[in-house]
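See the structures that follow.
What follows is chain A paired twice: with chain B in the first complex and chain C in the second.
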Partner chain A sequence: MSFLRCENLSKSYGQKVVLNELNLELESGKIYGLIGRNGAGKTTMLSIMSNQNPTSSGMVTLDGDNIWENRKALDRICFSRELNITAESGLAAYTVKRYLGAAALYLPHWDKEMAAHLMQSFQLDPKAKLGKLSKGMLSMVTIIVAMASKAEFTFLDEPVAGLDVVAREQFYKLLLDEYTETGRTFVISTHIIEEAADVMEEVIILNKGKIILKENTQDLIDRACYVTGLAEQVDQAVSGLECHHPESLGRSKGVTVLLKSGEHIGSGFDVTVQPLNLQKIFVALCGEEAQ
Partner chain B sequence: MQQKLTEDKSIYLQISQMIETDILRGILLEEERVPSTNELAKLYTINPATAAKGVNILVDEGILYKKRGIGMFVANGAVEKIRIRRKNAFYQMRLTELLTEARSLGISKDELIAQIMREEL
Partner chain C sequence: MRLRYWAQEGLKFTGIIMAAALFYTFLMIGQDTRETWNEYLEMGALYLGMFGACMCMILGTSVYQVHAPLAISLGSTRKEVFLGIQCYRFVIACILLAVAALLLMLTGETAHSLVWTILPLGVAAFLLFNSIGAVLGCLSTKLGRGALIAISILTMLLCVGGVGAAVLIIALKYSLRGNVVLVVLGIGTLVYAMSMIFEVLTIKKFSVK
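For the complex of A and B:
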């Protein structure tokens, strides 16, 4: 088993702190979901974890070795970035085929056949220029790079952005096919949380430059609940428990509770206890200031 | 295994209950192989670890058993075991729900019992 670790990772751009003393350990052989609000630092973190961006302090290690300019470690990591086609980048004039050919040069385990097969199943024209592709089609290109890289640790940044629902489903199936066959490690950032929740074994929540939670997705869903009722009854039922995002309306109150092992909602109170999905848990943990 | 997953319950519990229901309905027979966790993962687009968690619940209950290198099979006597298990779950879960609702409606124990006695089973 291999471990990819972020150790006290910090990153600032001028005065702006993007990552703040962040610690994270990824164990090989899992599909991780990375979720966080816009500007939380997801892309910065993934780019640092793949040596595409230097840290301000701290480091990233793979099995104990610093990955910075470490060819041996980097051969095992692929970060397929979101493609932003601007005039300056010069990418607009690249055809899909030429772009994938360029990617192959940097990726030592490149699977040419898989790339060709995926281009066909996504119905991408190899001769199409990147500048002419829709947002969804550009996402398909990044998915092909990630999958055909065959890298042991593969990061995908917003792979389903702009994809229609059929193509998104196609992506999740493709991911599971590849994962069950190879056991590669995937980190997938997404804003479409509910759809991806069932596919990720562990969820990583990044908020304001820090990892606030990393846990088995099903375990997290199992220990989360929403408690509602008359405010005083709710307060007594959840007394001493980890509560988030309380909402009040008149005499009623609702609160998100994360139970620790052995804890439970106080019994004998007239309250309703409901399960929560991952998206709602996320909002409760990260949506505090948006009220 | 044709049912759809819903949002209101843990995925792995739904997987284990779907397998149970298939066994009760005679869709999966005793001593027959059940789909592998990878097959379940692809069919329902869920993580294989989650599918395995659902299957392992049934292994722990003695409803499924592992044949090394071959797969997971329905145990002898599984149908009867599922009946007993569901009966226990009925008393623990549904009855608690019923009593909670009765409490907030101010229904007394005697009133509830009287109501049940009027129903046919």
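For the complex of A and C:
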């Protein structure tokens, strides 16, 4: 079993603090879903965890060894970034074949056959220039790099951005097949939470540069609920429990509750208790300031 | 293994530079303004030097805009990237200088003049132009798009200066003494070493955006 750890990780750009004393432990052999609002620091965190960006303070270790400029550690990590191809970007002139050729030269465990097979199944033209590809097609290229890298710890940043529903289903199936076959560790950063929830074994919620939750996805869904009713009834029923995102409408009130082990919603009150999906839980945890 | 990418890219651009030099030489032959075959060969060597020097500056910027971020995002260390950049530049410079020397040899240029005057001056010119390219490339990582426009204008001005310098080198090749050549080579090496310090400092903290 291997562990990738972030220890007191901080990152600032000028005065702006993006990651703030962040601590995280990733265990090998799991699919993690990384969710957070725009600007929460997801890409920065994954960049630092793959040596692509330096930290302001703190460090990332793989089995106890600092990964910074560590060739051995980097051979086990792949972060397939979202490709932002602009007109002035030099990568715009790269063909798919040339880009994947560069990946094959750099990534030590590159699976050439898998890359060729995926290119065919995604119907990507190897001669097409990256600058001419749609957002969805660029996502396909990043998926190919991530999958064919065969890296033990593979990070994907918004892999389904721009993909149509068929391609998204294709990606989730591919991910599960690869995971079942190899037991690789995947970290998937996404905004399409409900779709990805089924494949995430653990969910990591990042908010304002801090990890606010890291938990087994099913356990989190099981202990979350939405309590509605008259405000005074709700307040009494959830008294002493961990509540988030209270919403009022006249005399009625709704609140998201995260129950800890052994806790229950108070009985004898006229309230309705509903289960919540991962997306609703995320909104409750991170959407308070958006109200 | 990781240097292979840089060597491949270097070879690719060397091919482009050689093709451009060949095209312009044939253009001159087509105009039939010269009298002897030797003059065409000299012209070919001159174009190789000119295009090579100009490309060294332009590629210095593209290295930091494309190749370095790509290499680091695909798992390369910054140390490997630094070595790769040097490999990239030296592949281009060495091949172009070798081909230019070969062309000049075919014109009947003496080995003594080639080894003690033309090649050292050529090396000095490549070192100087690569240094300018390296510094501009490093600046482009810090200053962004606005700086790139300024860099492009500066590059064009320097290219014009480069043409003048190349013509001057050819004109002076018979009159320059060995110690002057060595001083020029020394200056080129020193400037390149200083630009490498700047590069090391830039690459050390390089972030993929």
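Keep in mind that, in the parts below, the second predicted complex is superposed on the first by the 289 of 291 C-alpha atoms of A that agree within 3 Å, B and C clash if a C-alpha of one lies under 4 Å from a C-alpha of the other, contacts with A are read in each partner's own complex, and residues count from 1 in each chain.
Operating definition for what follows: contacts are C-beta pairs under 8 Å (C-beta built on N, C-alpha and C of every residue); 3 or more make two chains touch, one makes a residue touch a chain.
The shown structure was predicted, so the numbers you read here are calculated from the model rather than taken from an experiment.
In the superposed model, A:Gly240 makes contact with neither chain B nor chain C. Once the two complexes are overlaid on the shared chain, A:Gly250 sits clear of chain B and of chain C alike. Contact with neither chain B nor chain C is seen for A:Gly64 once the two complexes are overlaid on the shared chain.
Once the two complexes are overlaid on the shared chain, A:Gly262 sits clear of chain B and of chain C alike.
In the superposed model, A:Gln218 lies in contact with chain B only, and not with chain C. After overlaying the two complexes on the shared chain, residue contacts for A:Leu91 are found with chain C alone; chain B is out of touch.
Of the two partner chains, chain B is the only one that A:Tyr179 touches; chain C does not reach it. Once the two complexes are overlaid on the shared chain, A:Asp75 sits against chain C while remaining clear of chain B. Contacts of A:Gly14 after superposition: neither chain B nor chain C is touched. Within chain A, not a single residue is touched by chain B in the first complex and by chain C in the second.
Partner chain A is touched in their complex by these residues of chain B: 5, 7-12, 38, 41-42, 44-50, 53, 103-104.
On the chain A side of its complex with chain B, the touching residues are 30-31, 169, 172-173, 176-177, 179-180, 194, 198-201, 216-218, 221-222, 270, 275, 277. Interface residues of chain C facing chain A in the complex, by the touch rule stated above, are 1-2, 4-5, 8, 62, 65-67, 70-80, 145, 148, 205, 207-208.
Chain contact summary for the complex, chain A toward chain C: residues 47, 50-54, 69-71, 74-75, 77-79, 81, 88-91, 102-103, 105-108, 145, 151.
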